[in-house]
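We just call them A, B, C, D, E, F, G and H in the order they show up, numbering each chain from 1.
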Amino acid sequence: MKKIAILMGSDSDFPVVEKALTTLDKFGVPFEVHVYSAHRTPEEARAFAVNARENGFGAIIAAAGKAAHLAGAMAANTTLPVIGIPIKSSTLDGLDALLSTVQMPGGMPVATVAIDGAENAALLAIQILAVTDEKLAEKLSAARAENAKKVLEKDRKLADKYNK
Amino acid sequence: MKKIAILMGSDSDFPVVEKALTTLDKFGVPFEVHVYSAHRTPEEARAFAVNARENGFGAIIAAAGKAAHLAGAMAANTTLPVIGIPIKSSTLDGLDALLSTVQMPGGMPVATVAIDGAENAALLAIQILAVTDEKLAEKLSAARAENAKKVLEKDRKLADKYNK
Amino acid sequence: MKKIAILMGSDSDFPVVEKALTTLDKFGVPFEVHVYSAHRTPEEARAFAVNARENGFGAIIAAAGKAAHLAGAMAANTTLPVIGIPIKSSTLDGLDALLSTVQMPGGMPVATVAIDGAENAALLAIQILAVTDEKLAEKLSAARAENAKKVLEKDRKLADKYNK
Amino acid sequence: MKKIAILMGSDSDFPVVEKALTTLDKFGVPFEVHVYSAHRTPEEARAFAVNARENGFGAIIAAAGKAAHLAGAMAANTTLPVIGIPIKSSTLDGLDALLSTVQMPGGMPVATVAIDGAENAALLAIQILAVTDEKLAEKLSAARAENAKKVLEKDRKLADKYNK
Amino acid sequence: MKKIAILMGSDSDFPVVEKALTTLDKFGVPFEVHVYSAHRTPEEARAFAVNARENGFGAIIAAAGKAAHLAGAMAANTTLPVIGIPIKSSTLDGLDALLSTVQMPGGMPVATVAIDGAENAALLAIQILAVTDEKLAEKLSAARAENAKKVLEKDRKLADKYNK
Amino acid sequence: MKKIAILMGSDSDFPVVEKALTTLDKFGVPFEVHVYSAHRTPEEARAFAVNARENGFGAIIAAAGKAAHLAGAMAANTTLPVIGIPIKSSTLDGLDALLSTVQMPGGMPVATVAIDGAENAALLAIQILAVTDEKLAEKLSAARAENAKKVLEKDRKLADKYNK
Amino acid sequence: MKKIAILMGSDSDFPVVEKALTTLDKFGVPFEVHVYSAHRTPEEARAFAVNARENGFGAIIAAAGKAAHLAGAMAANTTLPVIGIPIKSSTLDGLDALLSTVQMPGGMPVATVAIDGAENAALLAIQILAVTDEKLAEKLSAARAENAKKVLEKDRKLADKYNK
Amino acid sequence: MKKIAILMGSDSDFPVVEKALTTLDKFGVPFEVHVYSAHRTPEEARAFAVNARENGFGAIIAAAGKAAHLAGAMAANTTLPVIGIPIKSSTLDGLDALLSTVQMPGGMPVATVAIDGAENAALLAIQILAVTDEKLAEKLSAARAENAKKVLEKDRKLADKYNK
């Protein structure tokens, strides 16, 4: 199975990004995690992207805040799908990171998820692998059924308490 | 090769969405296009998502404006990757569609591209197929090299004219 | 008397939504409360909307945060009035939920109240029932008079203290 | 049948508001239209709201731009449901009117629809009357079925042209 | 000397508004404070505005949050200068109150100060009285000189500490 | 009678500002108009403010766009009331000018009106003079009555045409 | 004299950027212009930045729209001052480009000017060279005096026409 | 070596601005710090700018919040490069200060850094001096190499812990 790369621009993003690791783990999807900054370590960031496909990666998740360029820098150097997580790390509620990540110019898509949406970034990476991996697709379906069940249990609990 | 679905919430979105069709065509990727509204034809939209995987689709592109729910409605009913194109169709410059598409709750990712970013949506879909399709990956690399060449030609033209 | 449905996308919304329950209770209006997610339990959400009218409901209140699709999903499956409460549950102060709820496309209105405006959602539902229920209309008038009296008491207290 | 009031703060809003009139007409719902300004004719505006219920109205639609106070001024003087249409009439794309209309304080709901959403305002008013009027509810269902049919026809046309 | 009216939409605004009282007090300008809501006590609010001039007021300060209509409601019922203080009291950082206060339609100005800017509202009221009151104008000049002195003392302190 | 100063940061603002001149003219209020830039002619701008009171001015209207500092620069150099008109002259719809004008620090109020609100700026200046000028106050009341009449005529026209 | 580099992410930005060229020309400051994209030609962009200092450049102006990474990519690869021009090229009025350019993380400043502010970018570059070039500093002062004169001429013209 | 001026509009900004001092200190760049307000001490602020060049300054850093005019007021009175730090000091997350600082009119650039970006302001000032100071340029390069090393150490630590 191809690996998923999880990059973040600063290790201070890790508490938010961690949910991507635990989600991939839960689905048994192998991953590699790195701290690479588009600005402070541009060479390492670039080298990672350039070699990612032949190093066995299937998708790259890149998390960054403020003028978040990491996902775009990845996208510029690989044709693998790049998933961007805008991180709320300035005073602007993550809006700066969201626009810096999603508003990419023609030719260079970044698959952007919600601000601080690390779990969804991992799920999207798994969905990408699951396009050609039926077992993984089944796991995704099973997880969803599980989630739906939990919602309905909460529904029943609330309904029992408040509906006469 | 798996097909790509291109859905739009209204046929008035077609002039923007069309670039997704021409991009897929350029790469020889088969696609199917539909007008389904999350609100006006919820049943058809849902049925399409539920059956998309077994109908041979590899990813779903969903374009919608305003309170853009189409991509989310797709995501809720399939485990295929769903790519959302926020369409500028209200007075709010597409910001409403962007937030309605990208700010998905945990468990239901939508891979969001820029407002009106139909070309990038198609390229992202191709990148997803290219994870396991080397020929397609090579085509993507070739197209990028072609694009870079064009930028550099424009650079040379401008530089020749203005730099002494 | 027709019942009011109070739906929320996640039980984490309950602390905000609770005021809708207490408000309906205060007016003696029967209600039913449910946790249904437009994305995680789309079938149950849809089924509820489809059957709401014949199950004796007069209006549906739907509360959700982020890319808040629940009210829209209700609106798409019933012709009952649907009242949307945008919930502040992301970093964006509820602006994402507000736009996702209020900017509905033509043909599918959602009666949107303020961010976290659960009390007003309940009052709006009561006003809808009161269009043809004079007793309820009188109760609304009485409650307003009571509210006005409270404001004026606060006015007198402040005025007594600061005005010479 | 109860009447619907359609108020606007300025006759320059009429080109947007007109769709509310045609929609009510299409459903055979009687209405009355007025130009009343919360600021320039506060007395007339207030008097209309105070007497609306006994004058046979079932709901009030109020359209205004900029610091849009008309719907709120209506809501303060009647317990009928008040539907607010924020009008784009300043440089701010209607965001000022939206927030001035939807962010009402506790106790005074305004059922807000999308910016310039006159058709939806009328449909919401009809839905309110249809809570206790089965024939009107059936008309709403029929109109929706008609709309869905149109979407699907457009889908077929597009699909026939582009899907091989 | 004419009095200044200080109105607030809710007594929960008092902690912010209080600085207006202390500022007027410091300048020896008489004032009257009231809690009147544009929505919950529209009659009292209106009556206050209608009679303000003949009751000896020279300007009205009105503070309100969310869809802040109080200053506009005053402006509609008096030709005295009305000063609006947008109060931050919702999740939207006071932007809703700012736009609801400042974006008044032609014919009905509200002199808007910064969000939560109670001190400046009082100073503006004093400036208005000081147009024809030389003593008050001198007091304003003296207070400014005092303020400037304080800034320069802080400058000296900081400069002494850090500049070699 | 005291004069009103109308300053603008650039003569390109004149088409918007002109309505302030015509409004003052209509009320017979004397005025002086100037092009002074807070940045390009800081000395002249400052000198004007410093001498405005003794030169017979009762209020200063200052119109500027983008990072609109003109009103603030006036306020820093006079204790006369300063009225700020934020001008829409950048790509940002006037939001930059609005925030640059209204969000003044404590001690330095600017009475801000709506974006491009030149008529209201003039009316506010007249209201300030009218605090101690009964004839002017009566003219303001008469103008309002006239305006109300016009609204009601438009109401009658619309009502006659559409209400049966 | 050191040269100024003017880079743009796309030749479609040239009509806006051109004013930087003419401004530098007016001051006799040598420059070189290039079309380099942070995403489509990352290698060329990077190489330019890495070698800029030894190639005789004193500052780099970088103009880009949407998720504008070009200035940041320059900043990451040189210690020369980098001046960023956010270009309005999406539906979002340039706000995306502004935040992507200005909100740089610690350690990597980009000297950001106004949206589409090409003239000011050039002036800032000249100011940087003028720190140690007295003749250039004098030219800047002269140009400002010239500008001030023009403003005052416009003032006189307007004042002559409207002030009695 | 030329000195850097660090000005702030209020001493309450010092906790944010302090990082500019420590950064300049780290690089051995002399500086002078002052509290000058564009509004409360306009004369002192202006005088500082007018004399800054002949007093041996090479650049001016100006930090201010809300309607942040300090940097613009500096720019209007010197041809030295002026670096603006927008300070978050109101309810609006620093957006007001950002727009008031960056959206300067043609002819008067302010080199704006991120909201609260004091470290980057200092680094930009150092870069400006380093254009003609090779030793300083080398120090900047060395500091960057150090920073990159730290990022890579954090990368190794994280990678060692999570990558198998």
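Miscellaneous remarks
Criterion: contacts are C-beta pairs under 8 Å (C-beta built on N, C-alpha and C of every residue); 3 or more make two chains touch, one makes a residue touch a chain.
Because the structure is a prediction, the values reported are computed rather than measured.
Common neighbours of chain B and chain C under the contact definition above: A, D. Taking shared numbers over all numbers used, the chain A to chain H interface scores under half, which places it in the different class. Each chain gets a centre from the mean of its Cα atoms; for chain C and chain F, those two points are 41 Å apart. In whole angstrom, the spacing between the mean C-alpha positions of chain C and chain H is 48. A straight line joining the Cα centres of chain D and chain H is 51 Å long. Within chain F, the positions touching two or more other chains are listed as 10, 37, 40, 66-67, 90, 92-93, 95, 102-105, 107-108, 110, 114-115, 144, 147. Taken pair by pair, the chains that touch are A-B, A-C, A-G, A-H, B-C, B-D, B-G, C-D, C-E, D-E, D-F, E-F, E-H, F-G, F-H, G-H. On the chain F side of its complex with chain H, the touching residues are 9-10, 37-40, 42, 46, 65-67, 69, 72-73, 75-77, 90, 92, 95-96, 99-105, 107-108, 110. Of all residues in chain F, only 88, 93-95, 114-116, 144, 147-148, 151-152, 154-155, 157-159, 162-164 touch chain D in the complex they form.
Note for the complex: chain H touches chain E at residues 10-11, 14, 21, 30-37, 40-41, 44, 66-67, 90-93. By the touch rule above, chain G contacts chain H in their complex via residues 2, 53, 58-59, 79-81, 83, 98, 102-115, 117, 119-121, 123-124, 127-132, 137, 140-141, 144, 147.
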